[in-house]
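Following this line, the structures themselves.
Paired with chain B in one complex and with chain C in the other, chain A is shared by the two complexes that follow.
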Partner chain A sequence: MGTAQETVARRTIRLLIVDDSNIVRRRIERSQQFDELEVVGTAANGLEALELARRTDPDLVTMDLTMPQMDGIECITQLVRFKPEIRILVISALADKATAVEAMERGANGFLNKPFTDRQLNDAIAELMY
Partner chain B sequence: MLREEELKTFVDGTTRYFEVAAQQPATIGSPYLLEGEPAMQDYTGMINISGKREGVVYFTAPRAMLTVLLMKMQESDFSHESMRDLVGEVANTISGNARRDFGHDFVISVPSVFAGEKPQIAQPSGARAFVIPIHWRSHSAKLVVSLT
Partner chain C sequence: MRLSGTDRSRRLLTAGAGIVLAAVMSLVLIIGFRLATEIRASVGTLQRASELETYPSVVSEQLTALRERLDTLEYTGHVHAELAGSVRGFNQDLAALERQPGLDPAAMHAAAALWRSYAGVLTPVLAYDGEPYSDTATTSSLSRSGRVFYARVRRAELFAQTNAAALHRQLATVSASLQARTAAAAARLRLLLSGGVLAVLLLGLAAAYLQLARSRGERAAREAQEQTRDILATVREGFFLLDADYRIGAVWSQALTHLFARQDFAGLSFEELLRDKVPPETLATATKFIKLLWGERAHENLMKSINPLGQLEVSMDNGRGGKETRYLQFDFHRVMGPKGIKHVLCAVGDITSSVLLSRELHEAQENAHSQLDMMVGMLHSDPLQIGAFLDSASAGLKHINAILKEPARNHAEFSKKLAGLARELHSLKGEASALNLMSIAQRVHHLEDMVAQFKGRSELTGNDFLPLVLKLDELLAHLRGVREMTLRLSSLKQGTPAPEGTLSTPALRLGTNGPEEVASTLHSLARKLAQDHGKDFKLTLNGLADCPRAYLPTVKDCLIQMLRNAAVHGIEADAVRRAGAKSGSGQVRVDFRRVETGYELLFEDDGAGLSPEALKEAAVRRKILSAEQAAQLDNRASLALIFKPGFSTRTEVSMDAGRGAGMDVVAKAVYGLGGKIGVSTNPGRYTRFKIALPTASETAVA
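Then we have the complex of A and B:
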């Protein structure tokens, strides 16, 4: 017999968006179609991302690679050291295999090339989180 | 020196950008060799290339085209900053995608953006610069590729 107590509450997934382009950050924010996702912060480079990650404790990060001050590869390395269970989806224009392999070796969990469609973004997030 | 067949990488990258980001394909004109000063439009996003190849890739476009492109991307901010952001992102995406063919040692910088002022273009000596004309809706832009 079903009761309210048997209903499994769906956990909120805290999302941090990292990209040096405002347009891309807003695009990711608009595109995500999961009720469970809550954008807890946006950062324009790796340094900002690390600071925000410490303050906002995200479960999922979308990470650009080519950014000023601190690039995405260095940021992934430090994020994973600080929070090993974090899930990281790289969203980058860099389309060579070696870059994707390097990002995964540093601790990324998925890789999506720019330009991307809303569907590709949502599929990539779903693959990582569900 | 950039070979003509290598231009296909940039033509394909430009086509893909408009098809996916703007959901409306652009028509790419025949590339030609740049002679003299490049014709800069309202906004220019430039990527410096280093590593195995050296040179520059830049995307230059009129404000009107960028405004429509932003609309197609469901943006509501048409400020000067958004225009600068967009040309930088287009140049970055097309150059980054080129690593699919040129490889990991095709190192791209973060974008430099110019609006109104004449850009300082560090074109490597002896490198030819190719102009790829981009026609989208009623607007025209250019991608310029100059590589050793």
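Then we have the complex of A and C:
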């Protein structure tokens, strides 16, 4: 007797975190409350992010905009070219809406302002992925 | 206008009812026509049948007449012929009747059979064509054939008398059945006609109802349209729809005309709407954003959060030939149709007053913050230092007041007056920010702004200075407040045990503003400047202890100005320094030493140095020199330009540099002590100021 517990096997979401600030990277890593989210890499600039993306094949990228070496906008452009179905959540302190619009135009899917709460981050990810 | 759902269904209903009624009517007419034809035929047949009914008695009477004639030996020929005619007529009519459809077949059959049995007795009568009488001279009598004929007639007469009633009855039955049929057809026709009339009535009713409904619908639509128009005319926001080509639709709210100072909106593209009102970059961003809105990829909330037109600064013609800055708020909502996004609804509001209000609030808040900062700063500063500053500031402001009161009769005097004001204010600001008294520094900055505005004017009246005087009063009041606060703070400090390390009591240090204080002031200013301007540099002070007390205030003022110049103009940004292969951190050195002729103060930074060409350009831009004059200057003379009143290479003004009062203040102070100042530089490597001061005894202590 007893009913068989059915577990719905949701696909894990592979997350790549891109931010030049170590603190922010860790903050994003820590705030993950989705079981099915797996951090596959963290990058401190656009170049690193591209290289990691090629290696780890992420589904979701959280992207800072102002970074040394290669900025977020350029990185988004190349990421989308390399993997069109990738979802990109821009997380930036930029109050400049023009940059946000630019990011969206290049292929970003969501936008989150720094500073953010865990809840805001999780909501933003949920909106993007489900 | 678009048809609403009920409108469309009403039209469908009208068309459907029309078609049905037309079909019914044509059916009624066709059936009616056929019935009428049928009735007409029936009536003809009935006539024939009724005629036929009379034949049996006629035949019977004719036979009787024929027999009586034979009895009386009268002429029989014409009666014989009449009988033949009757029989022929009966035959014809019966045959015709038999061809008619729908007769009572049994009665018809019986009638026909009976008539055929008539033929058996009639044919011999009709076939007779002899002479029935044989005439003698006196008498006439039946001839032999006449007797035969008589017998035939008699037989037929008897037969007819016996059967006439039966035949008549059969024929009557036939015509009765015919009559019934005709009556039924007539009844059907009547029914049909009633139906037709009913249908016509219904049609009329339906038409009337639909007409009514339509006019009601039209009235409702008209009213709705009117209401929409009223709303659009009254609402204070600008509303319009954008189509897939980013063009404005035909319907828009009246407020747009005020917001954008134009009348034609229908068909206007969004880009055209904003062109010339916002900078091109903003326009490009706005256009991209609108495209994204149509993209459907992003959620509406997300789009709202990155809306670059949430607070858009636009410059509008104010109708008096000038421009006016206003703030508009654009909101966008996607209007979804069955096939995705149909329109984008834009709502535009003028939020100028709220923006200005929030700015004022922000300023007030900043003020409060700076007051707090100041208090904190004062807690960390020596109250005596602040006291000394307040004294000198009051003196300075009194001097400014005196300058303002000086009558100035011509342009040159005005310029001189303004230059004096600017110098006083600038050094006041320098001291205030060195002591971290930002609220004072900011107020002085405002005053400088006002003075700077006067500089550009060609003509000034005493009234123009009035706002300046008011501001000065306000500043004086503020200084009094600060002084009061200082006193309270110092009494608070005295009331509490002195923190560790501060052994000296204020009383012991009264009147001293020694080299240590100067050094700490300069170091804290250096840190503040480095932070404010994002520069990384180190200040090294040597030999300040050797500075005579009499020179110390002037030396301090000069060093403050030079330090600010070095931080703003001299030391390069990190990236530039790295590119120039310099050490990451800038160096600013101050050396004070005794020399044979008195004292020497060296101030050196390892920054960008001075470019004689840039100095000349700036001097021309500031209208200190004409271009021709500038061209004639050699390098040395070009460098000396920085000591001219009103000189600055900065195009924008900040708290710390760019006012064009700075090195001229230093120069003037040095000259005031009977000293000399010189500058040397190596572009890209260093700038060095060398100040020579006489021995203290040689000059009267100021």
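FYI, the second predicted complex is superposed on the first by the 122 of 130 C-alpha atoms of A that agree within 3 Å, B and C clash if a C-alpha of one lies under 4 Å from a C-alpha of the other, contacts with A are read in each partner's own complex, and residues count from 1 in each chain.
Just so it is clear, a contact is a pair of C-beta atoms (placed from the backbone, for glycine too) under 8 Å apart; a residue touches a chain by one contact, two chains touch by 3 or more.
Model, not experiment: these values are computed from the prediction.
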item	value
Fit-or-clash call for chain B and chain C when the two complexes are aligned on chain A	clash
If touched residues of chain A are counted for chain B and for chain C, the larger one	B
Which superposed partner A:Thr42 touches (first chain B, second chain C, both, neither)	neither
Partner chain(s) touched by A:Glu127 [first = chain B, second = chain C, both, neither]	second
Touched partner set for A:Ile23, first chain B, second chain C, both or neither	first
Which superposed partner A:Phe111 touches (first chain B, second chain C, both, neither)	second
First, second, both or neither for A:Ala98, with chain B first and chain C second	both
Touched partner set for A:Thr62, first chain B, second chain C, both or neither	neither
Single chain B stretch clashing with chain C - from 24-32, 60-68, 78-86 or 96-104	24-32
Intersection of chain A interface sets (partners chain B, chain C)	98, 113
Complex interface listing, chain A residues touching chain C	97-98, 100-102, 104-105, 109-111, 113, 127
Contacting residues of chain B [partner chain A, same complex]	16-17, 20-21, 70, 73-75, 77, 81-82, 85-86, 88-89, 92-100, 102-104, 106, 108-110
Residues of chain A defined as touching chain B within the complex	20-24, 26-27, 30, 66-68, 92-96, 98-99, 113-117
Of all residues in chain C, those that touch chain A in their complex	281-282, 285, 288-289, 291-292, 297-299, 302, 305-308, 310
